[in-house]
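Both complexes shown next keep chain A, but they swap its partner, so chain B is in the first and chain C is in the second.
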Partner chain A sequence: MIRMITKRLLTSILTLIILVSVVFAMTHATPGGPAFSILGQKATPAAVKALNARLGLNVPWWDQYFIWWWHLLQGRLGFSYLLNRPVTELIAEYLGNTLLLYIGAIMLSVLLSIGIGLVQGVTWGRWPARLIGAFQLAAYALPTFFVGTMFILYFGVEWQILPTGGITDLRIAHPGALDYARHLILPILTVGLLGVSGLSRYFGASVHEELNKDYVRTALAKGLTFRAVLFGHVLRNALRPLVTILGLSFPGIFVGSVLVESVFNYPGLGYLLWRSALSQDYPVVSGIVLLLGVITVVGNLLADLVNGLLDPREIYD
Partner chain B sequence: MSLSLAENMAAPGGALRRGATARLLGWMGDRTMLVSGLVLMALILLFCFLGGLVYPASPVAIHGHHAFQPPSGAFPLGTDQIGRDELARLIQGGFTTMVVAIPAALLTFAIGLIYGLASALLPAWVDKVLMRVLDAFLALPGLVVLIFFASLLAPSNTELILLLGLTSWPGLARLVRNEAISQRGRDFVLATRQFGGGTWYVARVHLLRVMAPILVVNFTFLLGDSVLALSGLSFLGLGVKPPMTSWGGLLQTGLNLIALNPWWMIFPSAIMIFASIVATNLIGQGILARLGEGR
Partner chain C sequence: MSAVLTLDQFSVALKRGRGKNVPILDDINLTVAAGEMTALVGESGSGKTIASLGVIRLLPRGASTSGRVMLGAQDLTTLSDAAMRKVRGRDIGMVFQNPLSALNPSTRVGAQITEVYRLHTGESDRAARARALELFGEVGIPNPADRLDDYPHQFSGGMRQRVMIAMALACSPKLLIADEPTTGLDLLVARQIMALLTRLRRERQMGVLFITHDLSVVEEHADQVHVLYAGRSVEWGSARSFFEQPRHPYSQALLGAVPRLGQARLVSIPGNLPDPETRPPGCRFAPRCAYREDACDEAYPAADSMGGTMFACRRGRTITPEALGVSEQAVAHAHNTGAVVLQADAVGVDYARSATSFVRGLFGGRDRLRALSDISFSLRRGQCLGVVGESGSGKSTLGRAVLQMIPYHGRVILDGHDFSVMRGRERRAARRGVQVVFQDPRESLNPRMRIGEIVAEPLKLAGMVGARARRDAAAALLDRVGLNERMMSQFPIAVSGGQAQRIAIARALATKPAIIVLDEPTSSLDVSTQAMLLNLLKDLAESDGLSYILISHDIAAVSYMADTIAVLRGGQLMEMGDAASVLGAPQSSYTKELVAASPHFRAIHQAGAVSGAVAVADKTGF
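After this line comes the complex of A and B, so read on.
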């Protein structure tokens, strides 16, 4: 067990090293280099050279690579070209909002998915399950930015019951936390819908699969009620893959939230990423991409370890 | 499914029973998802590629006196804020969306297939290296990387295809590898190896053949995803360049004017994106459902 965990840890570290190198290569694949995007395309060679020297871009790429690693290990991600602030500071400022949106959306989608998945799994092959299947497909096929904008149009503009974007500062907003929460409802609903479309499908299939297993037949044969079997055994077993799926779907849901945050002008990481990408502020973009990659790798590692605890067979695969 | 479409249709009159039509309907009735997906996809492709012949109006001509008008006889889907024909733009946008999304899905498919097969069939140490690299790529959110490069390059359509293809393959690569690994230990593969069949021969003749259905299914999903990714890019202002447009671009233009609620500029493109993704998923899930029954 300890050996398996060590091995899993080591492969994760190796993956992280490759990830950092890929992101480094990405930022250096820029034509003309960042100096042009800061100074404009008509910059004089002398100005470009001076700026490159100031940004540390005049040394060979392998030196830059090791310097980058050195800075990363110290937790430094460089300075934003545009805002002239440390990237770590910027990310810290926007991360909280994204986490709030994200955790809210994941909680919403997990709760809804468990309910929807149970109904779908139990009625598999009959009309309620088919209806749910159609809903899942529709939710998946609607572009998130379209859903978000429709929410704005109806809840915000037509019926005027919810704010359409942004977020208020907890310290200055008049009704305080309540207003803050009201700003979160539409973004959370939009990201949550995206999450439900995928999660509930997996969960429904997994409930259906569990119901056809021998232990269910045995439990029913020895006189347990269907309800007791469903909530006592099937639910628990069907929930197990959900941990892994949540880990795997993290990047997908984040990608969705980039679009959602830009629809709602919600000041989270996705919004920061979009603004920085449009103005070619590479240090910010690569910092966010790196952070997401690290979160995903660590998240997958944790999901594997949790699964190993829930079911020791998993970790030996 | 208890009653097939053919039985439903043939039962009352009895005239269709055992005829060729009935057999065709019976075949289709068992495959409702697959057939409706194929029909929907065919309609969409016809609209994109032949729509211009039926409705030859220019997508870029500006009718200044008729700007921002809801649908009318002269402009079946109305005009946009500077007076361009929305139906013509919907057709042109569909054409652009498809000529970018289809090659992009093919490229993604090719990279994922080759990477996954190589990982499964080459010596174990190659697999280990390839898998670590794959894990790193899987941890990078594809669209985020796409946004990064799209903002950098201001890509042409060809570059968009390359970008979409180069950023979306990791998921498929993992699937192909796992599938190939589960197939490579089967008796017929072992027998071929025993008789001297090389790695490439096994991949080409056996693995590709047994994996064909699952590959087709995943190609359809890739196609849907690539339409969705392209629309997302266009929404962020990083997709197809003006004056040409894509469905995502049209939708973005409409959504930017949301305060005026120009429904004719929003719903047609939204419906087309929605329909393409529903169609590809119906085809994919339809095939999957048949595979499940076949086992």
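After this line comes the complex of A and C, so read on.
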């Protein structure tokens, strides 16, 4: 077990190095540069040169690359060119929002998927499962931003029961946690529902498959009720593929959240990344990508660990 | 003896397609007495598993039953669902085939046992655990206290089945239903499980309904035998009378299909089992029966009785196994006169065991595991080398080394060509001389390829030009294994297990090999299908001078086919010699155990001991 984790962590470091290197090369290869974003398109070459020297952009890009890693080893992620604040501070500020959105959305989609998938798996081949399948496919086809926009139009504009604008500025004091939570509802719903169609379909198929296995017949032959077999035996085994998929879908959920964050004007990491990429704010982009890499790697490791708990055979393989 | 279970005119119909009810099982009358074992015997498609699931009312959705299922004085068919759940696990214990999939893989075995005990007794977890511990001891699991918290995959096949039995016994049921509990287990392990079931039912006065396709398993253990064919009882009665003198032609054919040493030919039943939807109105076995009369087709024959068994056959009183050609006359095995086609010199195989620690793995420190140690043999034209051993004995490894599928040391020489010195094109050409047929015919045929393509593929690889020519050659190959060339356009899913294995043989024959390695070729087949296949292989050996390496844990099949037998255990050669001496006068204690475990060898053992003695006498110069 410990060996498996150690091995995985060593591989993860390699993954992160590759990820950051590719992003670094891509952002630095683009034309223009942060100086133009800061000074405007009409900046004089002299002003640009001066700014580049101040930002440390006058050395070759490979030097910048190694300097970035050197700073990282010291725990520094640099300063944002545009916002002139430490990247760590920026990330810390936006990460909280993103995590709230992320975790809320994942919990919502997992719970819904388990519920829907159980019904679908148990009634497989009959009309409830078919109906669910039709809805899943329809939901799968809907783009996230469209769903988000519809939510805004109905909940926010038409019925006016929920705030639409999101939390624009964290420095403005919020009147209590309840209001904060109200702002989270629509973004979480949008991101969460995005995953449900795929996850629930996957889980439904998995439940159906497990129900046809021999151990289910054994459990029934012991005199257990179908419900006891479903929740006591089948659920745990059927969760394994769901957990794997979930571990792999973390980056996908993030992509979804970028769109949703812009629709809801929600100050999350996706929003920050999008803005920083446009203005070529290298340190922020690299910092966020590194963090995303860590989240993805940790997410997958967690998924494997949970699977190890669900199925003892995994550990011994 | 009081009856624990009585089936009275029990019938089951399953739903197939839209609103169509297909009768699977018709009018079964069967009794299991307390402390006794009734064997319900039938090949695949006979309805035997449906019968067991019908008893505990776990039939597939849409099934309908009629007749009565009496557990003691209680008719199970009239119980409410809730009352039926109380019967399952408490009054009736179930043991299924393949315990690895029948146990929940992610739950500790102890918890799986305590679950059923607590459900029916309402006892505390502590009491249930004590009970599980006691049961583990009773079914013979060593160090029960240490094993209770293990998972199913941590047990060996035989131990896993013991776990399953312990679970079934948890509430001391009156009836145990065991559905093929020994299928897939090694011979010696299967024997231990049978002995365990026999001890348990005697000690506990528990009735056992034993479901199997293999008559030879039950011969020593069953009190009653009940043979099913196509959903109907064909013969039933006391096991002793049955094995002494089976009356129904199907029973006789089933017994005659079990391979024995020195038997000229196995009894094979022509034709196939009728589909449940197209079963003949009269005797269901009539279309395949050598004794059919016109009257047999009119109505299902009434039960008749003679000499201790009942049988549903109009001619059961008069026909005897001799008339069917089940003769015990031994034929001399081919003499060692053919040229040597294959020679193995000190063939050994090591596997690299996965590194025991990550750091050691980094530095290349790997354990070597000896899978096979330095085996030498030679195989003559037209002969069969039987390789016998339990799982993990290295018998399949030997086959793979001969096939050049894995690295080995030592030399394999085919027709004078030493594989170890050949490279490239020459080596590839030589490899065509050794072909293989695997255990599971369905798994070993690509499901996305048509049967014609499967058989023709080796021809293409061997450089045969022209689709037309390959097609004709494939048709000819199918014809040789007794299949119709019309099958060429079908996919493997459309054929039966026996047919699939014939296709695999046709494919193996395509490159005109000198040797075919048969790796458990019949273990997944019914006895009568196995008989047809073994007969086919024998014919091919005779007509083409083909040689075989037959790898099997089934000593009966090996004894029928092999001229020479090698016994392996843990990668070591225990002994090797001509079939009659190895089986007749086994030298190593392991071979003795194997031979003793096969009930059919009791008689042969004695007869063989004589010829073995002769063989020994020859060597000593008498």
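Throughout what follows, the second predicted complex is superposed on the first by the 281 of 317 C-alpha atoms of A that agree within 3 Å, B and C clash if a C-alpha of one lies under 4 Å from a C-alpha of the other, contacts with A are read in each partner's own complex, and residues count from 1 in each chain.
Operating definition for what follows: a contact is a pair of C-beta atoms (placed from the backbone, for glycine too) under 8 Å apart; a residue touches a chain by one contact, two chains touch by 3 or more.
Since we're looking at a predicted model, the values are computed, not measured.
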{"item": "Which superposed partner A:L310 touches (first chain B, second chain C, both, neither)", "value": "second"}
{"item": "Which of chain B and chain C A:A141 touches, first, second, both or neither", "value": "first"}
{"item": "First, second, both or neither for A:R227, with chain B first and chain C second", "value": "neither"}
{"item": "Partner chain(s) touched by A:R3 [first = chain B, second = chain C, both, neither]", "value": "second"}
{"item": "Chain B versus chain C as contact partner of A:T11, first or second or both or neither", "value": "first"}
{"item": "Chain B versus chain C as contact partner of A:Y215, first or second or both or neither", "value": "second"}
{"item": "Touch count on chain A, higher of chain B and chain C", "value": "B"}
{"item": "First (chain B), second (chain C), both or neither touched by A:I288", "value": "first"}
{"item": "Partner chain in contact with A:N237 - chain B first, chain C second, else both or neither", "value": "second"}
{"item": "Of all residues in chain B, those that touch chain A in their complex", "value": "132-133, 135-145, 147-153, 224, 228, 231-232, 235-238, 248, 251-252, 255, 258-259, 261, 266, 270, 273-274, 277-278, 281-282, 285"}
{"item": "Chain A to chain B touching residues, read off their complex", "value": "11, 14-16, 18-19, 22-23, 26, 29-31, 137-138, 140-146, 149, 152-153, 157, 251-252, 254-255, 258-259, 262, 273-274, 277-278, 280, 285-286, 288-289, 292-294, 296-297, 300"}
{"item": "Chain A - residues contacting chain C, complex", "value": "3, 6-7, 213-215, 217-225, 232-233, 236-237, 310-313, 316"}
{"item": "Partner chain A, residues of chain C touching it in the complex", "value": "56, 58, 85-90, 92, 94, 96, 98, 101-107, 115-116, 119-120, 151, 153, 164, 167, 357-358"}
